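Please find one structure pasted underneath; my questions will follow.
Labels run A, B, C and D following the written order; every chain starts at residue 1.
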Amino acid sequence: MDPHGDLTVLYFAWLRERTGAAEETVTPPASVVTVADLIAWLRERGPRHAAAFADAKVIRCAVNQEFAAPETELHAGDEVAFFPPVTGG
Amino acid sequence: MDPHGDLTVLYFAWLRERTGAAEETVTPPASVVTVADLIAWLRERGPRHAAAFADAKVIRCAVNQEFAAPETELHAGDEVAFFPPVTGG
Amino acid sequence: MATVRVQTEDFDVGAEFAALTAGRHDIGGLGCFVGTVRDEGNRLSALTLEQYPGMTERALARVAAEAERRFSLLGCTVIHRHGRLEPGANIVLVIAASGHRQPALDATHFLIDWLKTSAPFWKKEEYADGTAAWVDARKADDEAAARWQRAG
Amino acid sequence: MATVRVQTEDFDVGAEFAALTAGRHDIGGLGCFVGTVRDEGNRLSALTLEQYPGMTERALARVAAEAERRFSLLGCTVIHRHGRLEPGANIVLVIAASGHRQPALDATHFLIDWLKTSAPFWKKEEYADGTAAWVDARKADDEAAARWQRAG
């Protein structure tokens, strides 16, 4: 990713409660290319983020409001959202 | 059937239109035992009844407001209804 | 205990939902079907539904009770109009209430299939050209209802 | 063109039926589902639904359009509430209008299965004893939605 690019990261449900943030703007290093890379990097931000992302299997992601996979590539300016499996209806 | 027993006969939809009657009270002979017997006897009442019962396959029957079969036995005082296949909903 | 009515007057879908759910906290899902008088290309001027007074309401009450038992419903409403109805008018309303969505949807399907094939009503169509004809029972409706007999 | 809304306010089932059918004579059947907050044995004090502003409404609009296309609907309404809801409150409304009953019922089933499994909402339950917990996604719901992918 562009080493000077910002990402807007959103958290919903218990990910919001565990990280303590509904939204944050982050500037990851160029080595962060995919959603999986971003998760690995966010885990290092502190114990709350580490706890929030402890079980990656139960975390879903959307990039620019579309459901995304761990392999989805990120670009500067993207809105990246993390949340548990949905429970609507 | 009791040779002095009356039956109330009801007609619905095009059976009502063809017979020209919504309801009639009839006193069939003792030889009329079942619904099928009654249909055969009613056919002889005149050309309108003959026309109404011309195609017995498309005629349904209820006895005392329960769906009935050609073999269903009749008793004095029964309410016997004839109608085409239903089209509700 | 199901609510069943055969009437000439229109029904109010919102009021029937409200009546079925009032004060209840055990319902999780309500399935519903509303049948209306459909006109294709201004062909139809009206539909007249004839009922069998007495038998029709009894038959509806019996199948509503069967649906409540079979799908463990928490409540059920079946209202069927008769008389002369113009295009766009409501004909029939089914609501089935359950703790979860699947029984509510299944019961709704079961009830409307039954109404189409077994409820004592007869439909006569009046056309824009002044003619009229009784509607034939549809084989497809019989087959849809037969599915429930096999499944039962 | 489907009507889709994500809102905190309650919805009026009767008004939504009226809006969908107003002036139309081509509709023969309307399928409907209403989901409500269910409480078993006074255990629950409230349910809070969190949405993803923007994404949620877009996702709902997309699936409503897909249902309209897939089932050749004549119209479709999807309303989903968010925020804090007490037992008995309405959560979600689906209405699907068609010329005939089968597509209307199928589309209703399709839409509520999708909403249960794929709509960006998260439910938190508050209990009478003062505790609270996020609701886990249910495997049964995923399987119900998967049926539509196989059928597609």
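Quick note on the criterion: contacts are C-beta pairs under 8 Å (C-beta built on N, C-alpha and C of every residue); 3 or more make two chains touch, one makes a residue touch a chain.
Owing to the predicted nature of the structure, the values given are computational and were not obtained by experimental measurement.
K.L.:
Keeping to the contact definition above, tell me which chains border both subunit B and subunit D.
P.N.:
C
K.L.:
Using the contact definition given at the top, which chains are in touch with both subunit A and subunit C?
P.N.:
D
K.L.:
For subunit B versus subunit C, what separation do you get between their C-alpha means, in angstrom?
P.N.:
Centres of subunit B and subunit C (C-alpha means) sit 27 Å apart.
K.L.:
Find the geometric centre of each of subunit A and subunit B from their Cα atoms only, then give the gap between the two centres in Å, rounded to an integer.
P.N.:
Distance between chain centres, rounded to whole Å: 75 Å.
K.L.:
List the centre-to-centre spacing of subunit C and subunit D in whole Å, with centres computed as mean CA coordinates.
P.N.:
22
K.L.:
Do you know which subunit B residues sit against two or more other chains?
P.N.:
Answer for subunit B, listing residues that touch two or more other chains: 89.
K.L.:
Which residues does subunit C have that touch at least 2 chains other than itself?
P.N.:
35, 101, 112, 116
K.L.:
Mind pulling up the subunit B residues that touch subunit C in the complex?
P.N.:
Spelled out, the residues of subunit B in touch with subunit C are 10, 12-14, 62, 65, 81, 83-89.
K.L.:
Residue numbers of subunit D touching subunit C in their complex, please.
P.N.:
The contact residues of subunit D facing subunit C are 12-15, 17, 21, 23-40, 42, 87-88, 99, 101-102, 104-105, 108-109, 112, 116, 144.
K.L.:
Which residues of subunit C touch subunit B in their complex?
P.N.:
Going through subunit C, the ones touching subunit B are 35, 49-50, 52, 54-55, 58, 80, 91-92, 112, 115-124, 134-138, 141.
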